[in-house]
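Letters are used for the chains, namely A, B, C and D, taken in the order the chains are written, and counting of residues starts over at 1 for each.
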Amino acid sequence: MGVRRETMVNTLLLAGLLAVPLWALWADEPFTITLATRVAILALAGVGLNLALGTGGLVSFGHAVFFGIGGYAMGILAFHAQNYTPLIESLSIPGTKSMPVIWAVAVIASALVALAIGALSLRTSGVYFIMITLAFGQMFYYFTISWPAYGGEDGMSIYLRNSFPGVNTLVPFNFFAISFAALLAVLVLVGRLMRAPFGLALSAARQNEARLRAVGIDPYRLRLTAFTLSGAITGLAGALYADLNRFVSPSMFSWQTSGEIMIFVILGGVGRLFGPVAGAALFILLEHFLGGISEYWHIFLGVLLLGVVLFARGGLIGLLAGREVAHD
Amino acid sequence: MRAKSLFLATAVASALALAAAPGARAEGIKVGMITTLSGGGASLGVDVRDGFMLAVKMSGRDDIEVVIEDDQRKPDIAVQLADKMIQSDRVDLLTGIIWSNLALAVVPAAVAQGKFYLSPNAGPSQLAGAGCDPLHFNVAWQNDDLPAAAGTYLAAEGFDNTLLLAPNYPAGHDMVNGFKRTFTGGINGEIFTKLGQKDYAAEIAQIRASGADSVFFFLPGGMGISFLKQYADSGVDIPLFGPAFSFDQGILQAVGDAALGVRNTSQWNKDIDNPANKAFVEAFQAEYGRLPSLYASQGYDTANLMISAMEKADVSDTDAFRAALEEADFDSVRGKFSFAPNHFPVQDIYVREVIKEGDVFTNRIVGVAATDFVNAYVDQCKM
Amino acid sequence: MSLILVIEQVLNGLQSGVMLFLMAAGLTLIFGVMGLINLAHGSLYMIGAFAAAAVAGATGSFLLGLAAALAASAAAGALIEASVLRRLYGRDHLDQVLATFALILIFSEGTRWLFGSFPLYLDIPDWLSGPVLLPGGIHYPLYRLAIIGVGLLVAFGLFALISRTRIGIRIRAGEADREMIGALGVNISVLYTLVFALGAALAGLAGALIGAIQSVQVGMGEPVMILAFVVIVIGGIGSIRGALVGALLVGLTDTLGRIFLPMLFGLFMEPTAATTTGSALASMSIYILMAAVLLVKPTGLYGSAG
Amino acid sequence: MTEPVNGSATAPVLEVRGLTKAFGALVASRDISLDLRPGEIHALIGPNGAGKSTLIAQIAGELAPDRGEIWLGGRQVTGWSTAARARAGLARTFQISSLAMEMTVLQNAVLGALGARGKVMRFFAPVLGDRALVERAMAALEAVGLQDLAALRTAELSHGQRRQLEVAVALTLAPRAFLMDEPMAGLGASGSRRLMSFLDGLRERAPILLIEHDMDAVFALADRISVLVNGEVIATGSAARIRGDARVQEAYLGEEAEAMPGEEACAGAGGEGRGEAAP
């Protein structure tokens, strides 16, 4: 019963996320479309983190690294393309304005970095893991601030949104559709993954590591794989987010960004496939709505967050769909 | 407001659609102000906003609508807000951004969409040189201006062994380069610190040991407060110079005695003797109960520039309005004010000294560093 | 570069390490006894600085300001412990991170709402200002020497408190076995509130002491909080001794790295590039240190278990 | 029903040779040697603090010995990880139920089957759509009598049912040897009896190294018994031999009577065993 109700809530969420920009298209409210695009992209970042954090129990306080790497993959490639300078001088590899290529680079780069960071960080656990991931985040943050080649703290602006074959990405709704499709695709993949042998074992690694070892499965490799996939997804979101803003900067790497991605996951419901979608939607809604009421809106955000942590542990999805039920 | 109910249920959303048809706008102008109103850098944004709104109020016009939003000093938020103001609020003109990195994120896209942007503060070199635009006007300074004027001044004063100190980020490098461009004396060395660093004991020890005859530093906000207090307490007596940012009205009270006597370069001070400035300083104090800052003066001038153009042209006539802005036919609180071909100010830059008036720390003008100063990027601008 | 400069920089590193210890000691105590990871520790530091600035500004007395800082931060600590954090002791770290992150938002914007956006003024008292001449011809600010003294005194006091006194025994018992201490009849919730208030007061003291030589403004606590976490992670979470060693390591690495890395790069690079690269690396140095320590000892230098 | 163990020609499945482990001055394992032969239940008993947990941890691979060797199925596994030993055929059950509580009963069993088969890095096909895995898991659940509760969340199981599930998960591994850490702990009298008869039949599938406090069960089930006192195996042999061993009576049984007064009440006939052992 609970399963069916959660499915219903999830479907409604997706339908809402699709319906609002459709309405905005009709009502000629392009900014509403931009907001919905932002929700889709941030939700995607959250889905990435949720794989590590919710399913795998890996509380990463450094996912901004992957978000930023995705963003900079877009920024650097597009920067070279718009200035007609080669990406790598000696090989005369050019930059590109093509989204699929940028995504591929973003996903691969962030996966590789996640693999490296994960391989080192997963030797620790608990609070140490939280803090070592934070430390890696800070390293990247200070590195990008003081690295002059790509703008340092100023970041980089891209004057035109990148292109996607057969789609005019400058039309807000088209870019929303691209982002929404990416979110859907990743949701489907992660949903399958959670039911697959890998997902079962990963979830067991979070719930009871000793049990997993006792049946002959080594949790380290599972976790490292999960962390890498998680970083790759968040990296893809970073590339899309950079394209939404046509801008990248070191703030994508800041620890507050890591905190915010975590907030999407918690607000929506840890470990729930659609939690980050609900969380990101709620966050953007709050930011937009409370931000208009008072410049001190962070106080309300703080109180709300506190309320969710203390009293509504299943997050928004938990409130709407009831207690979590084991996946079939 | 109408776009804000985004994620209520779909049903509500479509109900709203009926009520949310875009309303017809009255004549006049709609201004979008994106500035920093929360977090550590909020005092600058508050001053720009207050200066701007004071000028709007004093003009007595009721056809200026200002939408003000807080960018939280985050570039991505600033971009979102610009999108919102352009797409949803349908503003004619944007202004308000404090920080160079936020301006670089917002301005190119805004002017590309045909909106005017009047900068009350940030003037990064990219927007002054190759990235200049007919719709972009800077009413404050190019980032290099104040340090370059300081370089001229220190050279004229005969300093020949200057140590340079700035945070390790683009604006810090701009400031150091601006100074070096005009300074003809010898450079003792350069120290770049971590952005946001608050303890300068190590750097001060280095300064003490350096044997320099002067120190030029750029440390905005809390960094400057910390540095000045620690420097004064260290007993090192090598004279300090800097651009106005570390000696601004909003900061000086927090620095206290430590700043007394330090000379800095600025295009404005409250004791510049002209009627516009007198009226501004009095009105600002009456309205807000504090002395105006450099940022407040820039916000005030920005609004008056805009109002002067409104009197000559309608903002919907882009070319006419741009021409009216280029004339800069308003009474600047700085006295003389005109635009260089790249739409950055041509103005005098003064040398100020920090003093104490009663209980209040403030500046007084002690000289002129440069007359009719033109920024260094004019030639790179093709428009 | 002279020996004097090196000694002076070591003193500076010591001073920043000692202040970090005040922050880290509270954090590690709270973690050790209650198992709570408190991101809002930086807010308590900020509250100490603001209270000191407000009271010192109103009364003109730095010492009264310090007292106010201790009182205000201890009270704020006790308040959040009793109202919010108490509910989080049994929870996993994720909930704690989130809840205390929420507290940061509330404290930061609340402080701005109370005190406005402009930085506050707090200065060194006259009797501690200016440099003194140390043996060897080093001019060193008296105030920084005083900070080192206060910090070492607090460290000493903490060690004494924990190893010698009844309350220290209770703290250690709480660390070892929460249920046992309950069985012993100690009122555990009062003990927890006390420990939290103590940790908060230490943070507030650090905030006030540092506020006098830095800027007192909203957001001042977060960078320090992150550093304090780096410290306790290096030292091993829950260990006071680890916090002391970690704090000094971080203080020295940061200070010496800032000065000597650019010089090192200057040996084989042109000056501007050397200072840029050197200071970029210096700004990452403590995080590199932390990652390195954790890779060798995954539970920190003096840590027992994750 | 099982062949007598003494003088058996079959090679031991699990063998511990000269295992030593010290924590500072405390020697928790002192030159321990024992083996587990096909078809037998070998019980390991000893008073609290004798070093049973340390020994299990070393056999399972959670703790590295200072000296000594562990052999499993003819291979030395001393340096192997826990997971590698499990893959090599060592199935353990935990003293305190160690299950994934948020999963269903079936999922826990499937996890065991998955571990036995390997190939965990499968990302797309639903694990519960894999008939071979599910059948293997269901067979194990049926063996312990949990088949009707397969869809229940594990957290909702009773204590006794969780113990059964522990055993079922171990069964899915089709192991060479079972390592069972107090499987009867906390079971009522009838639960213990059922589990005893189950274990009695289980030894045909694979031998069991049984750590157990319930003396009644130990003396009824075990083919051989080893007695661990202060980190040392002071005696190994059949139930009868252990009952008659003077050192055991002195060092262990006397103390046990003092140290664990509840044992008698809990294990009903516990006194009987001691009574027989008494001179």
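Operating definition for what follows: a contact is a pair of C-beta atoms (placed from the backbone, for glycine too) under 8 Å apart; a residue touches a chain by one contact, two chains touch by 3 or more.
What you are looking at is a predicted structure, and each value in this text was computed from that prediction instead of being measured.
Both subunit A and subunit C are touched by B.
With centres computed as the average of Cα coordinates, no chain lies farther from subunit A than D. As a whole-number value, the distance joining the C-alpha centres of subunit A and subunit B reads 34 Å.
In this assembly, the C-alpha centroid of subunit B lies 75 Å from the C-alpha centroid of subunit D.
With centres defined as mean CA coordinates, subunit D is found 45 Å away from subunit A.
Counting partner chains per residue, subunit B shows two or more touched chains at residues 37-38, 168, 173, 192, 194-195. Contact of a single residue of subunit A with at least two other chains is seen at positions 142, 145-146, 148, 296, 298. Along subunit C, residues 108-109, 112, 276, 279-280, 283 each make contact with two or more other chains. Contacting chain pairs in the structure are A-B, A-C, A-D, B-C. Those residues of subunit C lying in contact with subunit B across their complex are 1-2, 4-5, 8-9, 12-13, 15-16, 108-109, 112, 116-121, 123-124, 129-131, 139, 141, 143-144, 210, 212-220, 223, 255-256, 258-259, 262, 271-272, 275-276, 279-280, 282-283. Across the complex, subunit A meets subunit D through its residues 192-193, 195-201, 203-204, 207-208, 210-218, 221-222, 225, 324-328.
By the touch criterion stated above, subunit B contacts subunit A in their complex at residues 1-7, 9-10, 13-14, 17, 20-22, 37-38, 69-70, 74-76, 79-80, 83-84, 87-88, 100-101, 104-105, 108-109, 112, 124, 126, 168-171, 173, 192, 194-195. Interface residues of subunit A, counted against subunit C in their complex, comprise 53, 59, 61, 120, 123-132, 134-136, 138-139, 142-143, 145-148, 255, 259, 262-263, 266, 270, 296-299, 301-306, 308-310, 313.
Partner subunit B is touched in their complex by these residues of subunit A: 12, 15-16, 19-20, 23-24, 26-32, 34-36, 38-39, 142, 145-146, 148, 151-155, 157, 159, 172, 241, 245-247, 249, 251-252, 281-282, 284-285, 288-289, 291-292, 295-296, 298.
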